[in-house]
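Please read the structure below before turning to the comments.
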Amino acid sequence: MLEQLKEDVCRANQEIERSELVVLTWGNVSGFDPKQKLMVIKPSGMDCKQMEPEFMIVVDLRGSVVEGDFRPSSDTPTHIELYKAWDDVMSIVHTHSDYATMFAQAQRSIPCLGTTHADFFKGSVAVTRSLSREEVKEGYEKNTGKVIAETFQKRDHLSVPAVLVSGHGPFTWGKTTDEAVKASIALEKIAKMAYGTLVLSPEAPNLPDHVFKKHFMRKHGPKAYYGQGGEGKND
Amino acid sequence: MLEQLKEDVCRANQEIERSELVVLTWGNVSGFDPKQKLMVIKPSGMDCKQMEPEFMIVVDLRGSVVEGDFRPSSDTPTHIELYKAWDDVMSIVHTHSDYATMFAQAQRSIPCLGTTHADFFKGSVAVTRSLSREEVKEGYEKNTGKVIAETFQKRDHLSVPAVLVSGHGPFTWGKTTDEAVKASIALEKIAKMAYGTLVLSPEAPNLPDHVFKKHFMRKHGPKAYYGQGGEGKND
Amino acid sequence: MLEQLKEDVCRANQEIERSELVVLTWGNVSGFDPKQKLMVIKPSGMDCKQMEPEFMIVVDLRGSVVEGDFRPSSDTPTHIELYKAWDDVMSIVHTHSDYATMFAQAQRSIPCLGTTHADFFKGSVAVTRSLSREEVKEGYEKNTGKVIAETFQKRDHLSVPAVLVSGHGPFTWGKTTDEAVKASIALEKIAKMAYGTLVLSPEAPNLPDHVFKKHFMRKHGPKAYYGQGGEGKND
Amino acid sequence: MLEQLKEDVCRANQEIERSELVVLTWGNVSGFDPKQKLMVIKPSGMDCKQMEPEFMIVVDLRGSVVEGDFRPSSDTPTHIELYKAWDDVMSIVHTHSDYATMFAQAQRSIPCLGTTHADFFKGSVAVTRSLSREEVKEGYEKNTGKVIAETFQKRDHLSVPAVLVSGHGPFTWGKTTDEAVKASIALEKIAKMAYGTLVLSPEAPNLPDHVFKKHFMRKHGPKAYYGQGGEGKND
């Protein structure tokens, strides 16, 4: 079942390793099928390099394994919470990429310091609040998903398809596995650039609002003219 | 038409990706044919890795597509302004390379701190002023070109074939695609070195003027003796 | 003799080079056979890239060569002291990996700033005290082993399978060569992340205790549910 | 003539490119034949990647080309001065490697902060003084060699086979091309480690003298026991 999605999710798990966002087993990608309300995710504790489509696990929204020979990623409840919260997201990526994780550990959001950032993320990439002792005890991974959703209560999660979980690392998402992986690659790059910018100029100003909006809208707005798609598309 | 130039521009787009100056679609190279007054440029939103000569777009100096199956790079008007401003430039490269972009975002020019810099750039690599709200609205990409040209009103653009667009990233240029690509590679390296130098010694002095001139002139002056070319040539 | 162990140790020596933890000859891996009380270790001053299983040296716990054509690693007495101190350790890795060595040279322990750290190391990775003049004279490499063991007098060496030797570099260990190598890879990554975190926020807080314990225990505790092993296993 | 030396010098020029110490044409290696008092060096302005043994240039100690189809490296007079000053040096390497160049530009010597440094360099790696206006005018490259030799008037150039030319970059040397290249690789690594150490602890102490001497002597002293050579040898 869901053979195409398994292939996409498998390839995405390999891609985050090839893009040097992941070493060892420190990352996972899932994909969601909205018709069957089933999620495909990487097995737990397995190297991204070794992925094969048939290793992928199919899980329902209660977290029960529907198909697959392995235990699903231990972060499965986090992914589930996000698919439940956002019905327009079809893929989620989690990594511990170097610079994004530095910001997560420093508990600093990534400010929008340039057009590279503005091309992908409409405003700063936020850090979540820390989970309370009770939340960790009650359901660590599930509540990690809930605190991410909470961070976006007043923000559009598709305009800023990335978050830093406090003291942990980044999650990104998109309408396809490809979009979600690209958001992870972009996030790591803009995190590295922001890091260096803040070292050079600790008080570096945010990108002026009129430039910021221009960049975001030329790629993502209704009259987008970046890329080869029709208006409003960007591929 | 312009088959040789298409090949050169295609290879240059691949080269900036191989040299790790570009990830995803974050860069573009163009070449100019001075006889026909036509520019060849990369399609918009396409991975540099996937380039083929026949994908290149031919554009005239008003920005109209003369040949090609794709939409040209969204930065096309910036390239056009620079070819109009400088009739001795035949290729332009734009990237979001890490360290050059950090300086652009920090709105700091790259000072000439050593001979590596002096071998390529006669003096600091400047940051442009920010575009006004009106300039962004009236024509963002075109005015980006104009503000670059403005930055060189009192400087020789062939002695310093690079600029940092404020809050955005670097552009470089040259008399050939090869020269323009090398300027991008050199710029990223000297930006990284300047970054580290300023971390080690925030008040690091500029290279003494007599050493600076010596290095620049031994490679680019009328009696240049670096490389295998005749006097004044450097290849 | 010990052919399987020689292969494992050889492959581990190659792996630390491939993982960019080692250049030139700056690293060594050993494995221990608890039945015969013999250690297999890399020859001294040899590139990790050039390793072959038959180059490995077999050494007893007094440091005498039992089999092999080369002189064993000059760090052999350090490895021996650790196998003597800890009878549950079967492999030791020593590298001069960049960021772990920076902390060793700065004589700073690596604080637990995030879940990436907590997944591998239960608490900060300590720096040893410096060896005295007498200890260096009496037996530099042997006393390096003793000072590592001393550092763990009040800590569990399997919960934090890594140490920074003051002014020198990291050692890691495990129950298999594979575990010991993974600890070196993880150590270098968490050192890099801690470095950047401290640059961004010099007063960055340690990971809250309740998150820290959760992460460590979900992977290493009696009810571990990370990975594909049974309870308490993690592979 | 000197076919073996040409091969060694060619391979060494390739090796500094492969080891990521050099981009474009920013480096050169020479070798010296003490019987014929002739030097073999890379051609000027040529990519290290493209080297072939037959491209190498043979130059005498007055700087005249004895054999070869290309112009020798523009740094030839620097190499010559060093062979004239030091009759036990048979190979010289010049690069603009990132971190060593940062220290050269910051005009800071690289302090001995750890055993990685002590294994290769007996004490700090010095920065030369700047050349005067007259010295640059009279003979820039020759006087660069003289100021390096001057820096070692009271130090042993074989115990510290590296120097940072102020505002320029590193030179290293050795009794063979292989030794000189390894000194460049080691220099870049210890420069990177020193950089990070000083960021973490601006007042980081030098390696204690008794550890420092131990490390240097176990590898280079008359009773050296590192590596596979006889006493006092290290290979």
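Labels for the chains are A, B, C and D, by order of writing; each one numbers its residues from 1.
Everything that follows uses one rule, which is that a contact is a pair of C-beta atoms (placed from the backbone, for glycine too) under 8 Å apart; a residue touches a chain by one contact, two chains touch by 3 or more.
Everything quoted here is computed from the prediction, not taken from an experiment.
Once the centre of each chain is set as its mean CA position, subunit A and subunit D turn out to be 46 Å apart.
Chain geometry summary: the mean Cα position of subunit C and that of subunit D are 33 Å apart. Among the residues of subunit D, those in touch with two or more other chains are 199. Chain contacts here close into one cycle, and each chain has exactly two touching partners. By the definition of touch given earlier, these chain pairs are in contact: A-B, A-C, B-D, C-D.
Residues of subunit C that touch subunit A in their complex: 113-116, 119, 182, 185-186, 189, 192-194, 196-197, 199-201, 204-205, 207-208, 210-211, 214, 218, 225-228, 234-235. On the subunit A side of its complex with subunit C, the touching residues are 23-26, 43-46, 70-71, 74, 96, 98-99, 101-108, 130-131, 133, 136-137, 140, 167-169, 195, 198-199.
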